[in-house]
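Okay, got some structures for you below.
In what comes next, chain A is part of two complexes: it sits with chain B in the first one and with chain C in the second one.
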Partner chain A sequence: MVENTKCECGHQNSIGTVLCESCGKPLFDEHGTSLLEMRYDGVARRSQKANPTWIGRIWNFFSSVKVAVYLIVITLIGATLGTIYPQENTFINIDPSTYYKETYGWTGHLYYLLGLSRTYESWWFRALLFMIGTSLVICSLDRVLPLYRALSNQQVRKHPQFILRQKVTYTGDLPIAANRPRQDPAFTANGHTAENEAAVQWVNEMAGILRKKRYRVRTDGTALLAEKHRFSRWGPYINHIGLIVFLLAVLARGIPGWHMDQYLGFPEGKPVKIPGTPYYLENEKFSVEFYSPEEVPKLKNKDQVVPKKYETQAVLYECVEHCGASVEEPVLKEVARHNILVNEPLNYKGLMAYQFDYRVTPQLVSVRPTLKNKQTGEVYGSFELKMNHPQETYTVGPYQLTLQRYYPEFGFENGEPVTKSNEPKAPAFVFIIEGPGLRQGGEPYIYFPREIDKVNFGQDRINAELGSRLELSVDSMEDVKISQFTSYLNIRVDKALPYIWVGAAIFMIGLVMGIYWQHRRIWLRIDGTRLSLGAHTNKNWYGLRREVADVLGKAGILVDAKSLETGGTVRES
Partner chain B sequence: MKKYRKWMQVIILLVIAGIGAFAIGGSFASKDDPVPKAGGQAPDFSLPGLDGKVHKLSDYRGKVVMINFWGTFCPPCKEEMPDIQAQYEKWKDEGFEVLAVNLAESKITVQGFVREHRLTFPILLDEQMEIRKKYGVVNYPTTFFIDRSGKIVWKQEGQMQESFIERQITGLLEKM
Partner chain C sequence: MNLDSISSSALLIAFLIYCLGFLLFVISITGKKWSNRDPHQHAKRWGTIAFIVSAAGFVCHLIFFFTRWYVAGHIPTSNMYEFMTFLAMMIILAFLILYGIYRSPVLGVFSVPVGIIIIAYASVFPNEVQPLIPSLQSHWLKIHVTTAAAGEAFFAIGFAGGLMYLLRTVDFSGSSALSRREILGVEFTLLVVAVIIGFVAAVFGFHAAGYKAQFSTQVVITDKGGAQQEITRYTDYVLPPIFKPNGGKLESMTPFLGMKEPLFETPSWMNGNNAGRQLNTVVWSVLFGSVLYGLLRLIARKPLGAVIQPLLKGMDAEDLDEISYRAIAIGYPIYTLGALVFAMIWAAEAWGRFWGWDPKEVWALITWLFYAAYLHLRLSRGWLGKKSAWLAVIGFVVVMFTLVGVNLIISGLHSYAGV
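The block that comes next holds the complex of A and B.
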């Protein structure tokens, strides 16, 4: 069936057009009196075609607002399902295949089996979001382009049907016309005959009044089109662009390296590698301050302490050589330094380190023992001895020390020396010392940095004769480095965040545009002495009626604003 | 004009479909690496060894590999070491390899132990415990038996008897 879409004014409209794009004459229900449907100015949606191909069908599906609403509702229901039990990613270390069953019983297990424990990462949830995004794009494109075209090509002189079937209308005889003898009632479009000189003049006067109200006015003889705040019509579409940017940014988190969120412990004085990055972070010093009891009076438990301030003096290093699996020690270069406080993270090129927690973990980091001659008191020198990965050889004065054995937590097991853990809780070092007065090939010397271990394990007894000649010991606490705390930091990377903000900002701009302004239009035409006026807005009809009444009043037609709703009656004064 | 519009439609749909494939496909790929289990492929890794070389698991493809996570601070780890050494000597020429991953101990400590027990198989140093985490190892010792195709056949937590090790190795060596 071929639909006749040609208007009597001669304009060829596309299929689906409700109001002629040129003169505004209704193409359906031509003789009706009901109000006109002004959505999208009555233009056809871009995709409304007579015989769509399969591509057209896909396009039409997503172009439907009804489909969009269903998609949103389904997504909301899906999102709700994800809140029944906690999602997997809210736990740091669980085995979901058993956790849900143990904690929530068979319903929990079913929840896990259905994949609802990962609702928001599931393919179907992502598919729904993706379809909403697609629908946003296609719905917008299909409406904004024809609307733009229709608004750019507006005719000034509209069909009387179009004007009088608006929601706000006024018809009446012009006050000027009443004073003149009617000469030729025949109406000629754009005809500048004598009889409508006055009408043209009246229209021009009206144009001036409307311009003062900041309307943009176009006239065509005895017809007029006044329009303001058209830009507010683009608000929803700008809003949609913001949403799409937002969705794309969230999606971009899936690009490798764009998103990271992990919790790591950093003992003082030891650079720790941040997995998945070339960076190492060292906690140089951690400090915590507590409120004094006077500062927090309302504590139930008197002994409870409330922390006031956590601070991690952090240094960030970048590995520049021998990173990854390498026999050599990685070469680190300092790239950033920051004192991390709560809400004051370290930020280096988008890598953020937030203060999260701390623990008291007193541990030796290194000592600086001095080698002395026990008999003469002569000091040969000192060297730094690390508890973590100590170096193998040390030269002190004329002596050469080679580290033979290292036990971080020294102890005996079946009479054998062993280490009980990998933490330097009771470190013991076995050196072979070579130098003047010592046997060829060196002599063994055991060294306990902690005084208590030295006494308990009998360092002097083990070292026997050598121990009476040479002594390795620290002179003061200044030569001892201790790590008091382990600071726990939340390491985050979110490269998508700026784009999320941009999306949100665009969204907001669109929203404000659409909400705080209204697109108002006033059409009028004079046929003989008869004035027909119609006005349309997308919201705030009350404001529009008042404005129309005000403008008419200034032009000499006193009319009650309320009466414009029903065609307008001249106020009896 | 009509044709142009149709092409625009196709192009827009194609771009959207591409983004959609990325979005939905991502939900399958983004699952965190699951803890390796028997039956699954052994995740590849490279670690520096005590011998001064970098060892890569996939370089041992074609051999039966036993990955043993251990530390000198762990008595059962130490106790099974001589048994592992004995089995290593017995089967290494048949295509058996041991990769003993040490758990972030100081090199000196490991060296002392290795020298004392005369261990000859590669000792790898997992300084940042990355491989331990990757393999989800929480109890020591933990041992993975990997067949010639790189598949995990058995995961053993706790100390192993020599006979058990031998059974595992011979079973895997027979399979081609």
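The block that comes next holds the complex of A and C.
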């Protein structure tokens, strides 16, 4: 059966239309008295029109607000599940397969087995977000185009059924003379029936009052359409666009190079390469400050101290030469310098370094030992000895020191000297010293920069006779450079961030447009002396009623705002 | 008299003025039937007086806020006490704004008490000025916290409006399954309010009586040098310990009604700061609240909702629906801006990521999704009246869980807000 969708005014509507797109006459329930369904102005949404193909079916599914609300509610419940126990990503070094069981018992283990310890990375949670995104796009497209068409082709003179079945209506006789036909040939030639001049005048007067209320008014003889803040109707679609931009920006972080996130430790005074970049970052000095007890009244636990400031004085270098894994020292060029605080990260061309944590890790950085003649006390000079990448040779006065062996953490294994790690925890240097009074080809000399190692490992005993003639030692603590702290920084690149903010901004603009303004329309027509007025808003009916009552009052019709309500609520579907 | 004490007295004065304002709003409604007066005139006159009094309370509240700001040197929104007093201030402000729009004294009868209860709730927490830890040292503390609280304040008014709508429309004499369910729902909501009052009463009551108990727990901490060491941590209880801390050892305890040691141990899965003490407090609050509710119920001999209903007789149900919805609609963009957008900007600046699925963040998102569902159901699916009112009531429960519950049960980055 072909549905007859032609209205009595002659307009051909598409299938699914509720109110005639032209005159507004209800196409269903023509003689009813219930309130009209005014959503999207009664035009057919795309999803209601065609015979659905399979694409159409998917479209129809996602175009439903009911489905959208279900998706929101399921996502909401899913998100709560992830907050029952801490997520895996909140820990840095755990084995989740045992951690949850040990910490929270069998419920924790179940939580882990169900994959809830990674709720927000799970396929189903991502699928939900993806479906919400799809729903946003389809819901918006399905409605915005027909609505745009309907609102841009509005007829001034509406069917009385349309006017009087609005939620806010007024009908009554005007104190004007009835049916004095107007003798203006131009007027009747316009296609109107003869109309009451007084009625036209009343409508024009009304138009003036409404314009003062900042309505945009169009009249058509004895009919009037006043409208304001139509732009607020686009608010929801704009905020949906914002959300889509936001979600796309989140997805864009998957593009290679757009997103980097790593945690690195930076001991003081040693540039550390940032993997995956040409940059090195040096923590020149880290400092931590605590509030003094006077500043913190009534601490609950005496062992608790309240931190005041964490600061890493950072220098960022770019590697300009020998950057690969070559033997040669990379050549670094300083590009940025910043004191990193918790709320003040370093930012160099999108490479961000955030203060994350710190550790007390006392370690030698370098010493400046002096070469002396032990017998005469003569001082030959001193040199800078670094714990990391020490130089091969040093010239001190008449002597030449060649580094033969370096043990960052000296120790013995099966009676053989070895280094236990690459950390300078107990450094030992074996030099071949050449110079006056020494054998041809030099003599070996072992040097322990730390006094404790020197005693424990017996530096003087190993050096034997040479040790009684020459001595390498530091004179004061000024000649010792120690790294007290290792600062842990979170190094990030997030190229999607600007798009995230753009999405959020568009969303906010749309939200404010749609919520803080309301699209209000008032239709009226005079038939004889009978005024029929209907008004519609997409929200805040209270305000609309007051405004209509006020406008009518200014035109001499005193009504109580509340009495304009035709009663009943919009049908619930 | 120094500024610090001026600040505290200003809050106390504001609290008392709000109580007076509340009583005046009640008079403006109940006094309509007093002899020889025009009910409309009466409501208008007393409503205006009550409004002015509440506004005066708000001014005192502002004095409290700004003097404390001056004393602390940073905006007083950095711990639970400060945040809750600020939230209460925003609730009163939201009420004043909506009263300006709708001029409905009944709104005062319901909104002002929400503010009063939240101030009372705040006063349970330690009110010393605390210095800011590094992650809070940012101008976003001002922007994020204040806007989020302002949005939540409007949700609170939405809650008050929704509850009023339900009290106005639920048929308390009905015996159908539906009305029985509705009565149950309303009574449960009132019970929850009683529990919050019970919480404040319990803490103040026992504190005034000088009650004390102390537990010690052994905790392993990792110091900054990377070494692990075991230390003893002490937890003080102001309420008799029904639940002791997980693994806690009783150090000292004032006997209470023959109870010489704690009855139960807090389960280990509660992860919040001082979970044991907080659970114990919740149990006491529920006990006190239930007793309070039970007593009122015994006196009234009918559902409490039925007692309140006559107050709302003159009120148009649809107007209540509108007020509740309007409050939420006004609050939603503010909440989005404060609790999500500003929060993300700050998180990006302080922690290097705009979103990290921290429990507090997740719950802020849940709140947001909940109200998004509310708006969609209302605007596109035509959910008006009771359905909408229930959502407004439940929504505020979600808000309060986000603000209080998350800190109680779950530990996370925002746990500094807890006590």
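Here is the rule we go by: the second predicted complex is superposed on the first by the 416 of 573 C-alpha atoms of A that agree within 3 Å, B and C clash if a C-alpha of one lies under 4 Å from a C-alpha of the other, contacts with A are read in each partner's own complex, and residues count from 1 in each chain.
By definition in this document, contacts are C-beta pairs under 8 Å (C-beta built on N, C-alpha and C of every residue); 3 or more make two chains touch, one makes a residue touch a chain.
Note that the coordinates shown come from a computational prediction; the quantities given were computed from them, not determined experimentally.
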item: First (chain B), second (chain C), both or neither touched by A:Leu129; value: first
item: First, second, both or neither for A:Arg492, with chain B first and chain C second; value: second
item: Which of chain B and chain C A:Thr419 touches, first, second, both or neither; value: first
item: First (chain B), second (chain C), both or neither touched by A:Val69; value: second
item: Contacts of A:Pro408 with chain B and chain C, given as first, second, both or neither; value: first
item: Residues of chain A touched, compared between chain B and chain C (which is higher); value: C
item: Which of chain B and chain C A:Leu141 touches, first, second, both or neither; value: first
item: Contact set on chain A toward chain B in their complex; value: 55-56, 58-59, 95, 121-123, 125-127, 129-130, 133-134, 137-138, 141, 248, 251, 254, 272-273, 275, 324-327, 388-390, 392, 403-409, 413, 418-422, 430
item: Touching residues (chain side chain C, partner chain A) in the complex; value: 102, 126, 128-131, 133-135, 137-138, 140, 223-226, 231, 233-234, 236, 268-269, 271, 316, 318-319, 322, 325-326, 329-330, 332-333, 336-337, 340-341, 344-345, 348-354, 356-359, 362-363, 365-366, 369-370, 372-373, 376-377, 379-385, 406, 410-412
item: List of chain A residues in touch with chain C within their complex; value: 39, 65-66, 68-69, 72-73, 75-76, 79-80, 82-87, 89-90, 104-105, 107-108, 119-120, 261, 291, 295-298, 300-301, 303, 306-310, 341-343, 345, 352, 354-356, 358-361, 490, 492, 494, 497, 500-501, 504, 507-508, 511-512, 515-516, 538-542, 562, 565, 569-573
item: Contact footprint of chain A on chain B as seen in their complex; value: 6, 9-10, 12-13, 16, 19-20, 22-24, 26-28, 30-31, 35, 45-49, 52-54, 56, 71-73, 75, 78, 103-109, 112, 128, 130, 133
